[in-house]
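Both complexes below contain subunit A, partnered by subunit B and then by subunit C.
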Partner chain A sequence: MQSSKKIVVLGHFGVGKTSLIRRFVTDAFSDNYKVTIGVHITKKTVEISAENNVSLILWDLEGTDDIASLRKSYLLGAHGIVFVFDVSRPSTFQDLNDNLAIIRSNLPYVPLMVVGNKADLVEEHALKNVIEAQEIAVDFIASAKTGKAVNALFLKLATLLTTNA
Partner chain B sequence: MNENDKIELLKDILFSDEHEFEKKIAQRVTFLEETIQKPTKLAEKVNPLITDQINDFKNSIPETLGPTITETLKKQIKINKDAVVEALYPIMGKMVKKYVAQEMRLLSEKMNSQLSFLSLGKTKFKSFFTGKKKEGLVFESLNSAKIEQVLLIEKDSGILKASYAKTKTIDEEMVSGMLTAIKSFVEDAFNAKNQNLELIEYELYQIHLESFATHYVAIVISGNFSLGAKNKLQDIIFNFYNSFMAMNVDLVFQTKNSQNSITPVNKATIEKELLKHFKNAKL
Partner chain C sequence: MLEQYQKQYRNNKRQFVLINKEGTVIESDQQFLAIEAGTSIYDIHPFFECLPAIVDSDEKEISFFCVHLPIEENFFVVDIKFLVKKEHVLLIIDDFTEHYHSYQNVAQTRNESVIKSELTIIKNRELEERERFKNNFIQNFSHELRNPLTSIMAIVAILGDTALTDEQTKMLDFLKESNTNLRLMLEDTLSIGMIDSGKLKIQANEFDLHSLFKLMEFTYKAKAQKKGLQFLCRFDDKIPQYVIGDRLRLFQVITNLLDNAIKYTHTGSVSFNVLLNLKRANTVGLHFEVIDTGEGIAAEDKEQIFEGFNQIATGKKTNGTGLGLTIVKKLLALMGSKIVLQLHQDKGTTFYFDMLFKYPLFPENDRSLQENTKTIKSESSNQPKYKILLVEDDEHVQATLFKMLLKTNRFQINLAYDGAFVFQEVVNNNYDLIVMDVNLPNLNGIQITKLIRDFPFKNIKKIPIIGLTANVYKDQINQCLKAGMQKVLTKPFEQEEFLKVIYKTLK
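Coming up: the complex of A and B.
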């Protein structure tokens, strides 16, 4: 079985959406910040099992500080969503609840991963406080810089997508 | 001789050469056209051929058919010579026509190879067209639109359903996503609910987009994509989409009416259909 799935990656400005994708697709990282304008599309094929492959078509959206201003048509037909926030910048997760509610109202049934990125910038105990303060379960604490949990999060999503279908 | 003189001289050489070439081709084309179109001229060419063929025919009969039949036929042919010619004429006519068509094709191939030489110098190539004389148009048709690639894409998700390509060079799945993103952006930006982005120009290529309810078709075109070519292309797309829809109808029908598990229309089946419609399509 070979299928293709549209994954939308979104979140506030500069939280590391592009970096997470780059780490996942090319296993590289850069400190250089290049703002994403519009959408950037990349692809990576994930092997779930010997006879089961999924091509993830990753839609890396430009950051939005106000999710209401997000171009809704980019969300159309998405099979999975990755919502990224920056664990070192509270402004990127203070409104996590509202943000996710808006996404859910557009795409009620698709699998959604909530990812806290830049784990390398925050001490272990501070990280714990951040996670516990959230009403919504954070699925992964990751770092595009060290590569922590990056493959795991995309693999988890890919698996969810193939078992759902 | 200064730089300008040199350029003038070069132009002289290039242009006179070109005119000579163009004139010769034009003469040849005119001649061939006249030959085909004017019955008397065609007869001039055809009649000797026919006489020859009849002689051959007469000569070969003794060997192929029995001598008795030969005798009677010989007499018959001698008596009814005109009738035989009459009967053979359409067959011979077709053969001659085929021969002329073949010649024309060879000629056009020759022009093609000449053309690739000409297109090396872009200005020269252009000057060729500015006159837009009848014979100039012959060349233009050689640069006619060609289908390079066809993508059938899910409208919302931008997921590639099936594709056809003369040569696979790009990652079609990523291109499908990008086209869909561009399409959403443009259609959103103009806030046009029922309007669809129809054409994207990209370097030497034009990408024609034809939108339907659930899918759209993106066609990468090289060459001179004229209005006429667009009309033809749309006909082909509609025909293809019709058969694609028919596949889906079958699927619905099967689901309702059989207990057997159904196999969804797979990529290979759709791609076969794409091939059928687009591979030899002329625009």
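Coming up: the complex of A and C.
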């Protein structure tokens, strides 16, 4: 059985949304930052089990520090949300709980994953302090550069979506 | 004719595509996207897989902006409008590839600059944090060393007054010299911490420049001779005797330069010259230089030697923190001057700086160091006994101070360890002076002083108080003075300095 699930990846600009998707889809990484404008859409099939595959349609949205201004059409029909922040830049997560509340008010029943990217730039103990201080419930601390937790993140979301379906 | 122009200039960047609600293409005008009738729209690009959600929604018109559509060999950036009709869905696709590419460049520049400035702020904050941690550590560490060093210096002074064999005297001299070195290194470390944390403020007081020169000449002539070096000194006669500035910091700069010169010179001479650059109205410009015939400095190390904790490899082992020249550079910068290093072609170096001073036309102070010393000596004999309360919780420090006072045979001393006992003592005795550590348990020296100054009995509220502290910060010293202490002595101090302050306060 194969189904398609729309996953919207969002967060501030420069947090590495595109890099996470590129790492997941093509297992590649580039240090060159190229701004995303509008939306890029890619597709990858994930094998949940021998009989169960799911096609993830990944919507890589332009970064914004004002989630409330996000166009509603981009979120229409989303099955899952990945909210990405940059662990090395506090401005990308200091309003995280407010941003998550806005997303949840728009898509109350859609699974939401919170991902701290660029773990390779911050020491582990400092990372722990940052997260604790901000009182953030983080699902994954990932690194698109090293590949840390990238597959695990999308696999978990895919599994969650097929289980809930 | 018009038809020709219309063909040439009509906007051919808009494409209309009609699809049924299952996603099969019914009709397409093929303006720029190759979408054939009869094909599934889902096969064109994954973006179109959003169709079921659009059809299922209540909206009749939904727009998507700036959608990137890589189709076959081409790469389009489009706005797409879905118009949901009863039987089918109309797609209006506008190609804005060029427009969005130019916007991409603007966004790229903006985002990169925002991220860069944000990361710079974070990096600077981290550096400041590290610097603050380092300075706090250095300051706390230096303070902690002051108490035991005071005890050692005091005991050495007391030992010096006892009957010693020649060998013991030699050993004691060595101990004295080591203590002095340790004290100087401690002062250096503390100074650098204070400068870096912005806590060191430059004073502007009138002082006797000539006596400072004489002191330097006397001290360094002896040091140079001890090492077999010539010490040459030249002071311009026209330099005013009194100037306004920070004597302590100028002293620190000159001693650091001279100590370094003597340390790294093994044959030849060290010269200390102070020359007049200019003199007008009440301003005088002086040129200070220290010249040595020492090992010299490699040209590539010229800048490095002014950085903290650096000792250039010279092949010979030398003592010190490596902070001397850093302190010189930073102190001079605080005083509005700059140290300059000149490398000699053959051997040695010259360090020089220029400094402006105001000088008073009618000096207030003309007492010399020698006169002060004389006062102490004359006061230490043929005088009545004074009653002193010594309050100190560190028993080693207390014991050494007690001995210092006792051996003068001028004082009757009572001891207290705890601030809470001070009141009982002052009520039951007639003290001439209280010597008190500032950081006492239960009730600190500042609190005690305030309470004593508020006493209803005149004989108690007016007892002079000398505070002792390992804290060298002006803030705390000011708090002590504001509370009513007559004088605050910072640890470590020499016996002579301690007694001098006591006599002066009693007077």
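FYI, the second predicted complex is superposed on the first by the 163 of 165 C-alpha atoms of A that agree within 3 Å, B and C clash if a C-alpha of one lies under 4 Å from a C-alpha of the other, contacts with A are read in each partner's own complex, and residues count from 1 in each chain.
Assume a residue touches a chain if its C-beta (ideal position, glycine included) is under 8 Å from a C-beta of that chain, and two chains touch if they have at least 3 such contacts.
If you're wondering where the values come from, they're calculated on a predicted model, not measured in any experiment.
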Superposed partners subunit B and subunit C on subunit A - clash or fit: clash
Touching partner for A:4 - first (subunit B), second (subunit C), both, neither: both
Touched partner set for A:62, first subunit B, second subunit C, both or neither: second
Broader residue contact with subunit A after superposition on the shared chain, subunit B or subunit C: C
Subunit B versus subunit C as contact partner of A:74, first or second or both or neither: both
First, second, both or neither for A:43, with subunit B first and subunit C second: both
Touched partner set for A:35, first subunit B, second subunit C, both or neither: second
Against subunit C, colliding segment of subunit B, chosen among 62-70, 116-124, 206-214 or 260-268: 206-214
Doubly contacted residues of subunit A, that is, touched by subunit B and again by subunit C: 4, 6, 38-39, 41-43, 57, 71, 73-74, 76-77
Subunit A-touching residues of subunit C, taken from the complex the two chains share: 45-47, 49-50, 52-54, 56-57, 62-68, 77, 100, 103-104, 107-108, 111-112, 114-115, 118-119, 122
Parts of subunit A lying in touch with subunit B, wherever the complex brings them together: 4-6, 38-39, 41-43, 55, 57, 59, 71, 73-74, 76-79
Footprint of subunit C on subunit A - complex, ascending: 4, 6, 13-14, 33-35, 37-43, 57, 62-63, 71, 73-74, 76-77, 88-91
Contact set on subunit B toward subunit A in their complex: 154-160, 171, 173-174, 176-178, 181, 184-185, 187-188
